[in-house]
Every structure is written in C-alpha cells, then in structure tokens.
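Both of the next two complexes hold chain A, though its partner changes from chain B to chain C.
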Partner chain A sequence: MRHHKLALCGEHYSEWFVNSTQRAIEKYKMFKPDANILVAVSGGKDSLALWDVLARLGYKADGLYIGLGIQGEIDYSDQSLACIRNFAQQNVPNAQLHVVDIAETYGKTIPEISRASTRGHGKPCSACGLTKRYVMNRLAAERGYDVLATGHNLDDEAAVLMQNTLHWQTGYLARQAPVLEASDGLAKKVKPFCRFYERETATYAVVRNIEYVYDECPHAVGNLTNFYKTLLNQLEAESPGAKLSFYVEFLKARQAGFFQAPADKSNLHACEVCGQPTTAPGRCAFCRMWNITAASGGALISPDAIAVRGDDAFDDVETRVAETVDVSGL
Partner chain B sequence: MRHHKLALCGEHYSEWFVNSTQRAIEKYKMFKPDANILVAVSGGKDSLALWDVLARLGYKADGLYIGLGIQGEIDYSDQSLACIRNFAQQNVPNAQLHVVDIAETYGKTIPEISRASTRGHGKPCSACGLTKRYVMNRLAAERGYDVLATGHNLDDEAAVLMQNTLHWQTGYLARQAPVLEASDGLAKKVKPFCRFYERETATYAVVRNIEYVYDECPHAVGNLTNFYKTLLNQLEAESPGAKLSFYVEFLKARQAGFFQAPADKSNLHACEVCGQPTTAPGRCAFCRMWNITAASGGALISPDAIAVRGDDAFDDVETRVAETVDVSGL
Partner chain C sequence: MIAMVQITFRNKKFEVKENMTARDALKKIGIDPESVLISVNGKLVTDDVVLREGDEVKLVAVISGGSAIVC
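Up next is the complex of A and B:
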C-alpha cells in the first residue's frame, strides 16, 4: 500500500482491512451494531468482500442478488449467482440471500427491456441502473432493512466525482456522500468501502480466498466511468494518494458547507401504480419503462420470483427458490 | 474548430476571434470602452494576440514586460523582449511598453533569487509568480491603469481549475473567475481569452503573422500544470468541447452561488516597507523574499529600471531605456 507506506502479510492485511471498514462505518455514522443490513451483491470482488467483512465484524447482514439476464462471453449473470451462492455457503452460512430474477419477475431481461425502451441510447446501463435502484429500494423497505450497503470503492466514487465535477452537476455534487439518509420511503444507503482503492478490495478478496467474477459487465467495457478511472489512475501514478485526497478533500469541503445544494424543486410522492416514491407525476419511471399499469394491479413480482435462503438451503445452485414468501405487494 | 462546427478562412477566423473577445469582455463586465488597460506581455502567443486584439477593438491598451533573466537554450528572456518590441512597433505603434528588468531593479535574476530563497523547493516558479504579481499590481496601481489584462486561455484556466478541484482548494475555487475586482490597492484583473482554446489563440497569432516565442519557459517543462493539461487534452479528445464545458459550467455554478467561500480570516494591510497590500504582519512576502528593508527606504527600483516606450522609440532592441520616468515610489 504505497500511499500508506505499509507492507503487511495476508493475515495482518485482512485485519487492517476489517478494522478500517469498521472505522469508516463509525466515522460516517453508517449504522449501529444491531442494524439490519441488506448488502447488494453482484458476484464481484467488492460486494462479496463487503458481505464477508460485515459478517466478520458481527453485523447482521443479508444479501440481495438481482439477476439481470446479462450474457456476454461467460454467461455473466448465471456465473455471478453461482459465485454468490458458493460464497454464501462458505463465508456467511447464517445469512439470508434474496434473489430477484428480473426476467422471471418482469418478463424480460435487462438487455431485452433496454431494446424495447427509449432509455440509454441503445446501451442497457440506464435501464439496468433504474431497475436495480428500484428493486434494492423496494426490497430493503418492504423487508424492514435499516440500511442498504453497496460495495462501491474509492475508484468508483472518485470516477463518479470526476464525472460530476467535469460537468459541475451541482445537484449530484451536493448529494454525493458515503451515506444517503432514508427519506420518503427511500432506504438509507451506505458505502463502507468508499475509502478503499480497488486494488485494496481485490487484495482482500484474494487473501480471503473469495471466488468472484473477474470480468466486469460486458456492457460496461469502454464506458465513460472507465475512461475517468483511467485518467485518475494516471493522476495516481504521477502523485500517489491523489485519488484518495480528491475524494476525501471533497467530503471535507462538503461537510464544511462549501457546496450549496440547488433548491430542490421536485417533490417525492407515491407512484400511482406501485406506491414507490417518485418525482414524476402519475407512474414512476420504473413502472413506465416496464409498462406496469394499474390494470395489472401492480403485483408484478410472481410469488416464486424472490428466493430467500435459509441456513440449510442452496446445496444445489439450480434450486433457485428455496423458500417462497408472499411478495404480492412488491 | 471542431466544437463549434465552424470552418473559416484566415480573414473570417480573425474577425470571429476579435468579435468573440469583445463578447467575453462584455459578458464578464471586464472593462468599459474608455478604460486604461495594462496588458501583461510575456512574448508568447497569448499575450501578444491579446494586445493585438485589444488595439484592433479600439481600446487604449499599454504593455508591461517583466524581464525575468531566464536563460535556457534560447536565452528565453532576451528573445521574448525582442519579439515584444518587434510586435509593438508593427502592431500597436501608438501604445506604450513598460519594461521592468528584475535583475537591474532588484539585483538578481529570478533563477538567482530563487536559489537564494527557500520558496518553491528549488524550482523558480514560486519566486517568479510572486515577483510578477507584485510588479504587475504595483505598476498598474501607481500608473493609474484601470485594469490589468492577462492572456490566460481556456487551457490555462481549465488546468488551474483541475488543480484546484483535485485538491478541493475551496478558497481558490470560490475566487477563480475571468474577472477579479480591485480591492485594497490590488488592481482589477481580467482574462479576456479565458474561453479560447490554446490552439485558437495560436491560430490567431499565425493568421495575423505575429512572431512570438514558441518555447515555453524552460522551468515550466514537466510541471504539474502541464500534466493537468495533458489529462484535459485526453478528455477533450474523448469528448470534444469537454474542456470548455468544464470551465464554463464551473463559472455558471459559481455565478449561481453554488460555492460558499470559506470565511476570509485574512485582513489586507499595507506592507511596512513598500506600502503594497499584504496579509502578512510587517513586511510583505515580496519584500521578505527580496530582503528589502525599511533601511533601504523601499526605493528599490532604480530610475532607469522602467523603460517607457513612446511612438518613435525602440528602433534598437539594445536601447532598453527609451524614456526615463520617476519611479522612486515604486
């Protein structure tokens, strides 16, 4: 760890990593020791490492996997779920894993709904982001989780910060933070890894023998976020610690009141179909994109679509529905 | 001009460039038609182009050249002055050129005072910046100029903005603007070329047959500003117009009150030796660095040190002192 001037063996690295996560949780007031935490897991190194660390720290943390139906060279989504199940069985045997399969639930995979929609100029990323945010929020709120945790690392946060800064997206800048408080039916969101370099979360995953999906989403290759990551890597190479400083100094300036959020002209109210908070009049963006109407009753998740994993389930990856729960309201 | 989708011949390019400058002057309320303007000229393309454009627009604009005594492969400072004199004779024959030679005035060149000082970690750039700002301010104020104009272009401004942003230098961010109003004896400063890409000012200089010093200062090679310029050029190549958008959106956010300047704890008062405004108690940073004391009376510019050029002077580059003026107070 060049910027910390530290050289550690695997065991001490792991200890440093876990303790640093706890310090970030406390520093940014993410959650209390008895919180019910929902970790959004993709099958990548960051989210699996996060679930692992939270469990080792003694937190009650369940997982949520959203099956997007993305293929690519390696059958991306299926391989992701296999990694997660394998990890869960070995590392967090007492936790639950929620699985929401988008195609089973809403009738189309993400690439399919993207092609059918006008969002995103032919790229599925916009439809994917909207869908994931919706499902995460809704599941967290309806299952009574106190907080939704994601594995965003420093490279992710710095790239988004760079993007928001280069366009001076004042609304986004004023809101970008390791903690987004709950409001009007939106779950509280936290990023306990926001101060870790990507190479640090990768090292933790390796040290802990966590098997994860190495490839990034095939649709993310060459996107703008990766371009900003490349720029920031050049900066870091020129001046070690620059990425951390960029992000942390931003948070300090924000905390000191340097940014004045533009007046929020939007009012959240309930979507007339699903009841989730939205700024749009009538139906929310999610219900519009998926063409969910009042006529369909809003009960768009089939009872089988969410699998909840108990302690002894998941011996077989194919057994997706371990325990059926009533999700008619979801 | 890729981001404007314009293709122009030399004559129309020059017309577009001059008119755009006038629009920037008005948009940012830089100065009125009858203002007394002092243009800081280095001998590079930007400052000579600026002097040229202001004269063509009918403004009363004089020049100030500060001889820094910088050598390098081409005898940088002497060649700069030769370019400026040649330009002035041909393009602005009715304007005055003030020349302040630092070695003649203060006894050392910039590289020499830099070596004798603790500023700048062995690089002369910090000593140079301090000295130039001091001389520009003092000359503008004492000769009754309304405004000091510099040739900073968009690439310069965007690089400084990037540097201030990457470190979230909130004080600098809140102050970075095309216009810095006069205050407490500090001259008003303006940057009429702040919206021009560097390649645009270079094109103007070529179209107008302006001979300028191509090389940048030998001490600037490889500095951090140039590193940021390289990053921004990559961004521009990926997304044409990104550099302009980065700077202009920043100015808009600033104008809309997005940034809250940190409380200014510093009070300007007069340096006890030279009388120029300073935040330091006692002597200002300039007098300290140059070791100017009350005992030396503060009259540190010799009467010959400032040359003022009339209409018919400067036939010979060697004849530096064309007209001696009383500068004992400077």
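Up next is the complex of A and C:
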C-alpha cells in the first residue's frame, strides 16, 4: 500500500510527506503555529528531513547539534557537522544552529568520558545518551524553546516498542509517545515523524536532494535497536503494514489507559549543582558522571551564574556551552 | 551470453541477470528489501520494476540504527 506513494513523482511525494507531517503535528497536538521549536539534528536523514519539513511548513525551527567527538574510521562527528552546516545554509538559511561541542564544553569527548566512568561497561552509549538528553533539555530550557523535536521514525519507535514489550518494561511503555509534555524543568518532546516508515523519510531526503550522513555511528553497529529493526523488517516483508499497526495499536491501547506511569514517579528534585531535574536528591547523574561539583567551580552554567552575573559575563559563559551560529553567515 | 545488470550499494558492486524484478534481485544478492531504496537510472523506483541490461541500479541504505540523536 505505501509503495504506491513511491509511484508519485518527486514533487508530489514531497508534498504528501509535508502534509502528512502537519497532520501528525495536529493529531497529537505537538505544537502551535507560533511555537519556538528546537530540532535535534545528527546529520542523518531523519533529523535533517524534519528540519526541512518544519521550515517548509513555516514553523520557527532552530537546530541543535551536539558534537560527541566520535570519529572512528569515517570521521563520524566531523562528517555529521559538515552535512548539517551545508544543509542549513541551503535549506534553512533563516534559522539558527546551536553547536554544543562536548569536549570543548566539558573537557572530554564521549569516548573519553565513557572510558573514565563506570557507566556502560566499555560501550560509550550510556554516557552518550545521558549527555545528549542533558544538553538537549538544558539548551531548550535556557534558550526558551517551547518544544524539542526529534526525527524518530516509525521503525525507531517500533524497534523500541518491541524491546520494551519483550522485557515488559511497563514504565518505559507508559512513557513511549509521540508527545511527552514538559514537566519539572524537562522540555516538552515531540516526534513528528513517528508514523513514517524509515524508507519514507529516506525517500523524502533523496527526493529533496538532502545530503546526509549514510554511515551510522560506529558504536551502533550490531546494537539491539538494529537487531529489532531487522526482525521487524522480516515481519513487514511477510505481512506488509505490520510495523505500522504494531505501533499505532499500541498508541491506542496506551491512550485507553493500559499503560499507566507509576504515580510516585513525579518526585523530581533539582540537582544541587546544576539545578536540572533528577530523581534522587543531591547531584544529578550528569554532574556525577562529569564530576561537576559546586566547589570545583565546574558547573559550566549554573543557575547562579545566570542569575547573579551581568549580561557580559553570562554571554561569556554561554559561549562555552553553545556556539550559536547564524546560518546565513556560515 | 546472458545479459547482466550491475547493482551498486555503498562501495560494492553486484551483478544479477536481467529481466528480474528489483525485489528478486535484492533477494538474490542477500539484501533486505526493506533496508534500501532503489534508484534506476537516477530515479527512485518501486521494487516491482524489472531490471534491464544497461540499467544503472543504485541502492540507498535506509536503516539508521545510530543516527546520533535517536539512539
């Protein structure tokens, strides 16, 4: 059925894709026409396509790139940033691109901090995920964005759903949704592409001549998400539409209240160093991993620094955290 | 002699017999049809297209298990 859409010519395909995104935005009440949107961009097809579509729909959408310092054999991080800069210049010249380089800001790359910490058993993904979530939330909050948009597609969502279902992770299932409302200092998060097959977002990127990074992060090779994606693709080949119904029927069940978040989870504290929400009192997991303490003065932008210092000093601190690039001048 | 069609995927080249559908060709060379887009002579096509001698067939990878934002 969806293969028919490929029979559309490029222009009509792209029109169909853009309009479907708008319908998803409305259906799941993601954001209003005047919202300030921050798109998390990786340099891959999904996030660049998302930025492109939101701009074409007339939304005010800026980008956030987090430089992880992962190079591997393919210079993964460098290649990603180059793709993003190139895209931004051509497709969203009026937007802003925030670049947060982790090594410049916190002193180590993701592989380095991962080796130095006990998280993740030698794989950088745990340190990486924690850091990305933290930076996204913090930048969205501090720059006054209403919502953080990510390029998760149907295949991503179905793979995570399968993983969570096989382990009956009811807490995660309760929180897996196209929209996560803002709460306790955590930014509102939306996934406008959650109903598009991965091949549909790839098609859009190709049709729009978007140059994206084809290679995936070297640490993703052989990860579980890929494994579940492959399984789901086999299922899809036998039974077309299986991925979509697996995900959409889950959303309906969730909507009907089958998966409830445990009530006591809402007890978040402010991290004593950075002020970001955390589940246990004291320092948040991020500050603990990066060993940021109030005494060491290592809190790169503590709420105090913002409230107390003058504008100039604040700008000074700010640039260490986010280099905001005016895309038109790249 | 049987006419062959060349298929390019990343930096690899494969050869299949002509007059096969793209879907069968992918099966033949062991690539999951859900994981790629197929372009023939520069145009995206559906996988029921029949490949002819001289067609320039390119595959574009679709899976992104590690597009750094979603993992």
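Keep in mind that, in the parts below, the second predicted complex is superposed on the first by the 287 of 330 C-alpha atoms of A that agree within 3 Å, B and C clash if a C-alpha of one lies under 4 Å from a C-alpha of the other, contacts with A are read in each partner's own complex, and residues count from 1 in each chain.
In this section, a residue touches a chain if its C-beta (ideal position, glycine included) is under 8 Å from a C-beta of that chain, and two chains touch if they have at least 3 such contacts.
For clarity, every value in this text was computed on a predicted model and none was experimentally measured.
Undergrad: By the touch definition at the top of the document, which applies to A:267: first (chain B), second (chain C), both, or neither?
TA: Neither partner.
Undergrad: Considering only touches as defined above, state whether A:209 meets chain B (first), chain C (second), both or neither.
TA: A:209: touches no partner chain.
Undergrad: What is the contact status of A:245 with respect to chain B (first) and chain C (second): first, second, both, or neither?
TA: first
Undergrad: Could you say whether A:46 touches chain B, chain C, both of them, or neither, answering first, second, both or neither?
TA: Once the two structures are laid over each other on A, A:46 reaches chain C alone.
Undergrad: Between chain B (first) and chain C (second), which does A:199 come into contact with in this model arrangement: first, second, both, or neither?
TA: Touch partner of A:199: chain C, not chain B.
Undergrad: Between chain B (first) and chain C (second), which, if any, makes contact with A:68: first, second, both or neither?
TA: A:68 contacts chain C only, not chain B.
Undergrad: Hey, is it chain B or chain C that touches more of chain A?
TA: So, of the two partners, C touches more residues of chain A.
Undergrad: Name the residues of chain A shared by its contacts with chain B and its contacts with chain C.
TA: 234.
Undergrad: Provide the residue numbers of chain A that touch chain C in the complex, in ascending order.
TA: Result: residues 3, 6-7, 10, 40-47, 66, 68, 70, 80, 125, 128-129, 132, 150-152, 155-156, 198-199, 202-203, 206-207, 213-214, 216-221, 223, 225-226, 229-230, 233-234, 236-237 of chain A touch chain C.
Undergrad: In the complex formed with chain A, which residues of chain C make contact?
TA: These residues of chain C touch chain A: 10, 32-35, 37, 39, 44-48, 60-71.
Undergrad: Going by the contact rule at the top, pick out the chain B residues touching chain A in the complex.
TA: 165-168, 170, 227, 231, 234-235, 238, 242, 245-246, 249-250, 252-253, 256-260, 262
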